[in-house]
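See below for the structure under consideration.
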Amino acid sequence: MKKMINNSEGIVDEMLKGIVMAHPEYLKRVKGFNVLIRENSPVKGKVALVSGGGSGHEPSHGGYVGKGMLDGAVAGEVFTSPTPDQVFEAIKAVDGGNGVLLVIKNYSGDVMNFEMADEMADMEGIKVEKVIVNDDVAVENSTYTTGRRGVAGTVFVHKIAGAAAEEGRDLEEVKRIAQKVIDHTRTMGMSLGPCIVPDAGKPSFELEEDEIEMGLGIHGEPGTHRTKISSADEVTNYMIDKILEDMPVKPNEEVAVMVNGLGGTPLMELYIVNRKLNELLNEKEVKVAKTFVGNYMTSIEMPGFSITVLKLDEELKRLLNAVADTPAFKQL
Amino acid sequence: MKKMINNSEGIVDEMLKGIVMAHPEYLKRVKGFNVLIRENSPVKGKVALVSGGGSGHEPSHGGYVGKGMLDGAVAGEVFTSPTPDQVFEAIKAVDGGNGVLLVIKNYSGDVMNFEMADEMADMEGIKVEKVIVNDDVAVENSTYTTGRRGVAGTVFVHKIAGAAAEEGRDLEEVKRIAQKVIDHTRTMGMSLGPCIVPDAGKPSFELEEDEIEMGLGIHGEPGTHRTKISSADEVTNYMIDKILEDMPVKPNEEVAVMVNGLGGTPLMELYIVNRKLNELLNEKEVKVAKTFVGNYMTSIEMPGFSITVLKLDEELKRLLNAVADTPAFKQL
Amino acid sequence: MIDKNIFLRIINNLSDSIIENKELLNELDRPIGDSDHGSNMVRGFTEVKKKLENVKESDFSTILKTIAMALISTVGGASGPLYGTSFLKASGAVVGKEELDEKDIIAVYEAVIDGIKYRGKSDKGQKTMLDAIIPAYEAFKACVENGGDLKKASDEAQKAAAEGVEYTKTIIAIKGRASFLGERSIGHADPGATSSYIILKSIASVLNE
Amino acid sequence: MIDKNIFLRIINNLSDSIIENKELLNELDRPIGDSDHGSNMVRGFTEVKKKLENVKESDFSTILKTIAMALISTVGGASGPLYGTSFLKASGAVVGKEELDEKDIIAVYEAVIDGIKYRGKSDKGQKTMLDAIIPAYEAFKACVENGGDLKKASDEAQKAAAEGVEYTKTIIAIKGRASFLGERSIGHADPGATSSYIILKSIASVLNE
């Protein structure tokens, strides 16, 4: 394992310190907790948004704390859901009296820990609502199982629900909009190689030089299947097909797309993928109203990427285009 | 070589297409050339900034085309300076009548190709000035040799000179300010592993599991020396010492810092480095007025990072803080 | 009968067993999870050992609650709320007790299983820790009903848990992170079932000392 | 005498030699550069071969200028402007010629060297292409002055260029990308010197046919 770190136990704490030192104009840390909140928290009269999860997905989630997106971000150990007391601390620190929306990615751990925090907040009389992001089409959906993972589409939820909260909508409305984003968002990911959880010290899986892992999430867990590497165009084609099979988009409908790097893949390759993605959507006469290319929801240093499609209506489009000012997501 | 590409010849063209498709509100391509210019080029009455170089440093330089930064970016083949005709085309496309400043990184190839373009522009009567960025303290300085490389500090030149041009300063002034940034900027880089130039298909060098390469640039070229890997804190300490040896900063002086990822190193590690960097500067009573952490000037997928220190005065600080709106650098 | 002394030995022993098995649990979590189950559990039980120092003199219920809170606030992941809830429910099942007999242990088992089912919305056959704990409970209860003592019943429980772990290799994961793998989860033992087995084994070994 | 036929054979042959040596030149550029010298040169000379088709009937100067423009607009890097400028200067040195004799070649050499020195602000002993070209020039000229013919002189030039490449292994780079390496550039042949040697060797081999 070759990493620029000091020791694996200190990683999350040192990283959070580094984030706060880099962006004091945006955020601060709740003393004694792995929680980042807006520099001016709590924002009175505004619904607050709290998200989080295991670390290793940077800039998610701390990088999205700021105007127009999150109020608080809770950082667990690497790839490990944060504990309920940490989430509860975030809720208390950001509640401006109008309630708190928890944006949770659909992992048993995240769901249970956030749920317990919700129960704790309930006892203190803080209004809390939850949405659960499950955008990953690689996983088969079923109410009987854990269901689908929450992956890069989560960033769209932060952006759009965050804009709604910034506009002064109430908790119910913000939740409705967040859920609408979730209902309209689908993601598919692939990987060219493993990542290494620092405390485990070993690659999450092994791939041959000519193999890729298709349909994997953001925790180094294996995907749906392993296949021979092919061209960027073929891979992109396969992935967008999977997405559109699951969520058909009609000609002239508008979408936003995100080509998200998992950490180790250079922008060069992401843009090459975006080119093909755009061409394919054009062929289908789908209108791409907005494109995001970059590392938004990573898997430590994993080489690979995901494609996210968000189907837009007027409301979502307007909120997606609203101003945002956070360390990792800015929009003028 | 494991990359999400189609074939190595098409890389630059496909990447540029992907960039334009992602950011049509910011930029467009000069037809038939590997040149990206502002969507509204030429901007009348404004000095225009053109930069560029080999590809493989994304988001440099295309990602910095937009309000408050560059007017044009010329993309060579991967790690290969662009040809004079390409640079000349950029100059012609962005000149709004007030002249063009070329921001060149100090490599023989870049300098010669941009110089030839300058000669071509001269014949057409376009006013052109040049600055040469040479911020890399790893290389020994001397007027007799090629001198120092231009690396991540180039982004500060784009930002600050770009803001000066946006303010309506004339060519001479914009050049003066750009040169001032160069004079006040120093960078040091290190790497944990090689990158692969697609057309070469092989790693740029080989490192043992416990080795790092110190003082290298942004083209996969080996650095000043190879050493055993140590902690993030020790490496950061060594690098900032090298920078401050070369450009002393006194207590209470203000600086901006950039912790720049080379492409394969996750934000997590960059923030851990930033933590130590901040602590060390605090110990020396140097004031960090602004911090940038992220992939600004990369070396394809290389794992590693660089630290840049820019010494600020009132003028530089004001221009650094000015609004910018480009695909990869936004400031509200 | 489990008295205070034995009880504390059990807690210490099972904490140590978890700590010793960090690598194994991380390794098991690699092919079908995210390689952290060992790290998570070790974080938790290291904290448990620390906290235990302060409540050694307290009653069973307080001690179990302290353990629960330590796990809830340090483990994270899926296993944190689940083991945390288990110990919390166990704490509720032993209120006022000074010693624990076979019946008390059965009550503890039932509280634990209820807790996990509630928190995890899960049941047996889904490739989770329940596939070690539920068979262990059933074996324990059956043994006691057939007149077996604590020692004997704990041994039976341990054996059933081991078989439960083996069984998890044969089934598809329905709950937890491994469920994302679908068919590909077959062939691998569940890390949480394994940590449950390690705990039950360590309990049995203290009782057999 | 180099007539039009031989001239075109030379250009074709040296283009092919560069194209054949792509991997070698990239490899040489790896330890002390950025692994692209072969790719750069091949891009250039592939274009040269294409462009040559259109100007086969033109005079030497036009052909050389066409080659220069092809190289300038496709090679990039450091070698593009340098080889481009060389051919441009060579073109100026043969204006009006129908055939080239030894003296003409000496003039071409001088134009080429001037061009590189001007564009590269460089000189011999700096671990660049000049360390192949300047010794080749000197050997060529000395041979001609001693009565040697074109064939002989080209052979001498080629040998001197080969020695020049060897010499570049022993010195520190002062110009170009390898200069950033300081002491670490010692022990490696300069890729640009090697491509110059390949070109000179291919010229000699055509003249020896």
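For clarity, chains are labelled A, B, C and D in written order, and residue numbers in each chain start from 1.
In this section, contacts are C-beta pairs under 8 Å (C-beta built on N, C-alpha and C of every residue); 3 or more make two chains touch, one makes a residue touch a chain.
Keep in mind that this is a model prediction, so the values were computed, not measured.
Chain geometry summary: the mean Cα position of subunit B and that of subunit C are 55 Å apart.
Per-chain Cα centroids separate subunit A from subunit B by 29 Å. Separating the centre of subunit C from that of subunit D, both taken as means of CA atoms, is a distance of 76 Å. Contacts between chains trace an open chain of neighbours here, each touching only the next in line.
Contact between chains, as defined at the top, is found for A-B, A-C, B-D.
Within the complex formed with subunit A, the subunit B residues making contact are 2-7, 11, 14-19, 21-23, 55-56, 58-59, 63, 192-193, 209-210, 229, 231-233, 235, 259, 263-275, 278, 288, 291-295, 298, 300-301, 303, 305, 323, 325, 328, 330-332. Taken together, the subunit D residues at the contact with subunit B in this complex read 26, 30-36, 38-40, 43, 72-82, 119-120, 174-177, 179-182, 184.
Of all residues in subunit A, those touching subunit C in their complex are 54, 76-85, 107-109, 112-113, 115-116, 136, 138-140, 144-146, 149, 197, 199-200, 202, 204-205, 217, 219-222, 224-225.
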